[in-house]
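There are two complexes below, and they share subunit A, which is joined by subunit B in the first and by subunit C in the second.
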Partner chain A sequence: MAAPLVLGILVAVTVRAVLYRSSLAGFISERVEVASPLNAWKRVVEGLALLDLGVSPYSGDVFHETPLIIYLFHFLIEYSELVFMITDVLTAVALYLAVQDFNKVVFKKQKLLIELDRYASDVAELIRTPMEMHYIPLKVALFYLLNPYTVMSCVAKSTCAINNTVIAFFILATIKGSTLLSAIFLSIATYQSLYPLTLFAPALLYLLQRQFIPVKLKSKDFWLYTTQYAALYLCSLVVIVCLSFFLLNSWDFIPSVYGFILSVPDLTPNIGLFWYFFAEMFEHFSLFFVCVFQINVFFYTIPLAVKLKEHPIFFLFIQLAIISIFKSYPTVGDVALYMAFLPLWSHLYRCKFFVFDSSHPHPHSPWGTLNSNTTDVYCVTYTLYISLLQILLISDYFYAFLRREYYLTHGLYLTRKDGTEAMLVLK
Partner chain B sequence: PHWVSGPEAEVQRMAWAVAAVLGLLLLLGSPGGCGGSPGPPRDSLREELLLSPLPSGDIAATFQFRARWDSELHREGVSHYRLFPKALGQLISKYLVRELHLSLTQGFWRTRTWGQPYLQAPAGAELWVWFQDSVTDVDKAWKELSNILSGIFCASLNFIDSTNTVTPTASFKPLGLANVTDHHLLRYAVLPREIVCTENLTPWKKLLPCSSKAGLAVLLKAERLFHTSYHSQAVHIRPICRDASCLSVSWELRQTLTVVFDTFSIGQGKRDWSLFKMFSRTVTEACPLASESKIYVDISSKTQENELLEVTPPPLSVHEASVQGDRRTYAVYDLLSPLLFNVSRSLNVQLKWKRPQDSLDLSTPVLHAQRYVSGYGLQTGEISTLIYNTHPYRAFPVILLETVPWYLRLYVHTLVITTKGKENKPSYIHYQPAQDRRRPHLLEMLIQLPANSVTKITIQFERALLKWTEYTPDPNHGFYVSPSVLSALVPSVLAMKAEDAEKSPLFTSLFPSADGSSYFVRLYTEPLLVNLPTPDFSMPYNVICLTCTVVAVCYGSFYNLLTRTFHVEEPSRGGLAKRLANIIRKVRGVPPL
Partner chain C sequence: LLFSCLVFLKGVGTVERKNLSEDQAEQFFRSGHTNNWAVLVCTSRFWFNYRHVANTLSVYRSVKRLGIPDSHIVLMLADDMACNPRNPKPATVFSHKNMELNVYGDDVEVDYRSYEVTVENFLRVLTGRIPPSTPRSKRLLSDDRSNILIYMTGHGGNGFLKFQDSEEITNVELADAFEQMWQKRRYNELLFIIDTCQGASMYERFYSPNIMALASSQVGEDSLSHQPDLGIGVHLMDRYTFYVLEFLEEIHPASQTNMNDLFQVCPRSLCVSTPGHRTDLFQRDPQNVLITDFFGSVRKVEITTETVALDPNLVGLETRVPNDEMATEPLKYAEQLPVAQIIHQKPKQKDWHPPGGFILGLWALIIMVFFKTYGIKHMKYIF
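And then the complex of A and B:
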């Protein structure tokens, strides 16, 4: 299995290297779908130039990266292309190892449930075999590496790639069962962009499952483990924030990074829902709707945790997708990360409601060329369409997943009392 | 009725006499006063008009009214104002202003065709103020000051707020006396969109001691003054030395007004000018309150031959001065001399060219600049500034100050300065990045300009999308970027001797001259008009509804999937509609639902 992966990595690196040298690189880094005010490479260079001039990068409103990025690129600015290619490769390898481990866990659990006779009798088609699961890790890794969104993100040198790497390592650490590493990577991911905070719940559920601690509110073990994990997470977060303070000797980065993510002052177009909404929002309600939109991202965690507590990795996938759709400055790099997981659930195709090929429309934006309201509206409707597609895709997968679970426990061929074929509805 | 006589009468008369003498002494003594308080401070007014024909055939007229008041406004509680206007005096003492410069300009001074200006002002309104170091909250004082000036001059200076105010560190050093120059006491703001019209001229004229009733101010009639290519009126207040020893401070108020009459629209194509042709008025008398009232006409010959320009009536005296590195000759008309109005009651200075000239000697000014925006689309752009140094052998440094509004996000790593194809690193850069909706970008650089060269400074920017309420009612007009300021000490060809400020004409003592080998010049570039991407203003509700619909789709799907479970559908009997449909289907012969 290693050989095809290495081949895939070589192909991916070649594609990226070729694009770096071509004239497309400049064109792609200007695209608003790929570079947002939070992670554009131009702004990283600007921040470092401000630092050279003796001005704090956070004194203006151009630079919104964390001090970790300043520290990283202060030394590596010359090799930036190499850095981004390596991060993509690391992400792919991390996902590969994580999914490989996860497949083993899934297979073991499935075997246990078959032996315990939990499944209905006629669900042989739905049982997953090691044969079909053999190529999934490779597919996941290649899905990430060769996804045009990832390639564009890498060529544009968007720091979203670094965020994706951290999240991939966090997933790997969680699936391997290491509490400490999982907490550390999660805190780095939260420190980079605020939203991975919601991934705390699925990670906790998975680690509890791995430790065979049942999720019962009255259980002492449950609370002990939860507080342990939460403490590790919060402590590492505090450590990283304090280290960032000592880098520039000021707390300026907190309003500049987290205040910026939460209050959305910059209305540069991107593929998210926030910008045009707040461009047209009445001043009086601006604060209210900012709060509503931000709560919308964090709000699905608890209900999903209640529903999907037996399937924490699927929960993680849904949560990642929700973050990518509803965060304040999404880019295609964020979309690429959760899309990499789709091969993991390709066995759901039988139960799908819509037949979605997860083929997103080709991104093109008329933003930079014309100046008219109609172009603007076209850009906005395109944004809404993308968000809607993503939402339908995710809810489709969710529906298919739940339906498969139902089939597994109640049988594939459902009959009504009179023997005719039954319909399954959500009531 | 009858005089009392005798010893009582004698005593009474003595008492009255003593009382009278004491009363007289008191009356005489009171101005001298007990405690030795001085009399009211001395003030003087000088007015002057300078007519300078420009190389392109136009004519520039610069009025200067200078009131000088030997009083310490900040220390004494002053209440008696004579020549110094009370409105401005109270302003200075209340807000502890050290220097104030306000200008309102319409049009742009074309340095390349008109030559170096004496005092240029940027298009729109410009206000810069130095406060005393005893001011605790400079921003608050600045805000209140700009609001009060807005009321005094009927200009929209109340739009000056933190989004267009900057604190320059190297430019705009004080023009008057200064011992402490902490640049945090300086505030500078430009409103490029401001329009100047008659309602700004009227309060400006009201500040003059003779208003527009006597002296040179009778020429200031709005219908002629606004029919010009360039109209700039300014108020400059600064402290100056009272005398050579400089132990005490006087306050100087200069009101300047510069207009350029266009040879084609006013002059009907002819290059001959007269006071009547320009202002449709003539001068009849000097302002009685003025100690000096003069008209200067620039008759310096630009070619080898003797005067091509004939001035009538013949001037009583001629003044030579070296101004801006050139030796110039001026014909002087002193309105206070009795000889002037001997021949006729009114003075109409006429300038006639002896023979028609096709092209005058266009001596290019030593320093001039140009600025433009380049780029395409509404996402990015580039601001380029070209600075020309036409001096044949001398290089000199220039300070460039750029203020760019926050919605054009500058990227300072794209700043490139090239001279003659090679990179030119500035020796001093001060860059203060903008904060969204709070303060603009400030870029100040000290650039060395080699002799006979063109320096190009380019910087890239990104256009921001504003909230729909932040656009002006005419958003497609564009947004103005204030002119950039170039301050330089230009080396002069001739050595200039330092003259006494009180005796030399007003137009030579505008800027303090450090030494005789260079003169100070402050130039402004053009303001820029930049288009920003606009949202669709007609559909706020549509956008809100559509976006909320998308969020609701997600919420709805998730709510369904999270709160509901799968059930096998039980067949229902069907409602009335279904039964009716089944009946129709039976009639048609189609299987029932």
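And then the complex of A and C:
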């Protein structure tokens, strides 16, 4: 399996290298779907230039990256293209290894449940076989590498790629079962952009599952492990934040990075939901609505945790998708990350409501071109359309997943009490 | 004996006379100024601001009468009162009630008229930054031996003077313009007179040497106009300039009246506002400054029939400083071209480097985590 992966990596690297040398690179890096104020490359360059001039890069509203990125790129700025290609490759490899391990776990669990006779009798066609699962890791890695969104975001040198790498490593560490590494990578991911905080819950659930600790509120083991994990996470977060203080000897980065993410002052159009709403809002209400919107991102964690506690990786996937739809400055790089997981759930095709292809319709963006009200409306409707598609996709997968679980336990051909065929309805 | 005494005395007398004319000849080289210029500005338009035009024209008249030619006067009038359709006596601008004095005459040369009187043009005239197409009559071609009189009138406030109802010049701008003039060596001495409300605020910010300033009112006070003329229907002059004009009418090119007398013109009883003056930037004592040094263009010409031997060294010139002059530090001009700075470029800024503590801490943490996850046993493979 390594050979096809290596081949895939080579192809992806070639594609990116070709695009770097072409004229599309400049064009793509200007697009707002790819480069947001948080992760645009020209802002990184600007911040480093300010630093060379002796000024704090966080002065003026230009640079919103964390100090670790400053440290990373201070030495690597000439090789930035290589760096981004390597990060993409690392992400793909990490996802590959993670999914490989995960498949083993899924298979083991399935075997256990069959032996425990938990499944209904006629669900043979829903059981997953190793044959079909053999190519999933490769598919995942290739999905990530060759996804046009990823390629675009790599060519635009958006630091979203670095965020994705950290999250991929976090997923790898979680699936491998290492508490320490998982906590550390999660804290780095949270430190980079605030939203991976919500991934704490699925990771915790998965690690508990691995340790065979049942999630009961009264269980001492549960609380012990949870506090252990939470402590590791928080401590490493604190350590990283303090370390980044020592980089520039100032706490400037906190309002610049986290204040910026949370209070959303920059309202240039992007594929998210925040900008249009806040562009037309009275100042009086903006604080309230900022809070509402931010809570919206974090809000789905608890209900999903309750519903999906048996299936933490699916929960992780849904959570990733929710983050990338509802975060304050989404870009296509975030979308590419959760889209890479779609092959994992391709077995749900039977139960799907809508048939979505893994690629969305191509965005033709009118943003850079016209400056009129019509563009505004067009942008907004387009943005909303993209978000709607994503939400529909996610809810569709969710629904399909739940349906499959229901079928597994209750049999594929549902009969009502009186023997007629029944339909499963999501209430 | 008596004859020898007479001869001796005669010899002494001739020697004395010779010394006197030598003194007088040497005095010719004493003063730093060789020519005079005047910039007279009226900044308000509209018929009811007749008095500002009349003010400026009165000063123009005095200055011309005392010898400054039109080529050395830059006259800026923001509106045409003489040919204004509301003027019942066209082609005249009166400065005295009962129409006694027509300051307009038939030899008035207005250099900047009507809408050309703007802050930009005024500053360009002062600093000399004029487009090459500007005619000579619109230029202030002064050099470092010119004494310049600048007279401004109009509506003003604390720190500003209004031009044409649409823009303002601030005291800071004016001070900077004078500093530019000083650095470009465009004046020897400068007399600045302003007749507006709160006029003293306009000279508060001067910082260039050799400027003397007069104003018609202090900060917080209004300058008032003199009398309305019922025949013309507007106020003809402002009080301060009216009394200055009266004062100047007494001056002739040979008068020895000095600045201190000008400071006494228009006391509070006559002017209602308190005129102010500023002499701290001026090198000479105002007592020694003649009115004609600024208001006139007086050539010191004395005809003598005897030959005077001038000492080419003129050693005594520097040491002959009158006792009552202020001892100031020698003036120096700013460096026109900072050659030293250009030759030795600024050293290149050192690039920023992350602090050592940070790098150490980060890598120590990374190594710690690595060993924690993979076990200490790997250490022996590394070391």
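Just so it is clear, the second predicted complex is superposed on the first by the 423 of 427 C-alpha atoms of A that agree within 3 Å, B and C clash if a C-alpha of one lies under 4 Å from a C-alpha of the other, contacts with A are read in each partner's own complex, and residues count from 1 in each chain.
Going forward, contacts are C-beta pairs under 8 Å (C-beta built on N, C-alpha and C of every residue); 3 or more make two chains touch, one makes a residue touch a chain.
Since the model is a prediction, treat every value here as computed from it, not as a measurement.
Partners subunit B and subunit C, once the complexes are superposed on subunit A, run into each other and clash.
Which of subunit B and subunit C touches more residues of subunit A is settled by the count: it is B. In the superposition on chain A, A:Ala279 contacts subunit B only, with no contact to subunit C. By the touch criterion stated above, A:Leu180 is placed in contact with subunit C alone, subunit B being left untouched.
Once chain A of one complex is fitted onto chain A of the other, the partner contacts of A:Pro269 are limited to subunit B, with no touch recorded for subunit C. When the two structures are aligned on the shared chain, A:Glu30 is found in touch with subunit B, with no touch to subunit C.
Legend: residue contacts after superposition of the two complexes on their common chain; A:Leu53 is shown touching both subunit B and subunit C. Contacts of A:Tyr300 after superposition: subunit B is touched, whereas subunit C is not reached.
The superposed model built on chain A shows that, among 1-9, 19-27 or 55-63, the segment of subunit B colliding with subunit C is 55-63.
The interface of subunit A with subunit B overlaps its interface with subunit C at residues 53. Looking at the complex, you find that subunit C touches subunit A at residues 349, 351-355, 357-359, 361-362, 365, 369, 372-373. By the touch rule above, subunit B contacts subunit A in their complex via residues 377-380, 406, 409, 411-413, 429, 431-437, 441, 464-469, 531, 533-540, 543-544, 546-547, 550-551, 553-555, 557-558, 560-571. Remark: subunit A residues 30, 32, 42, 45-46, 48-50, 53, 55, 59-62, 265-269, 273, 275-283, 286, 293, 296, 300, 303-304, 306-307, 322, 325-326, 367-369, 371, 373, 376-377, 380-381, 384, 387-388, 391-392, 395, 398-399, 402-403, 406, 414, 416, 422-427 touch subunit B in the complex. Against subunit C, in their complex, subunit A makes its touches with residues 51-54, 70-71, 74, 178, 180-181, 184, 239, 243, 246-247, 249.
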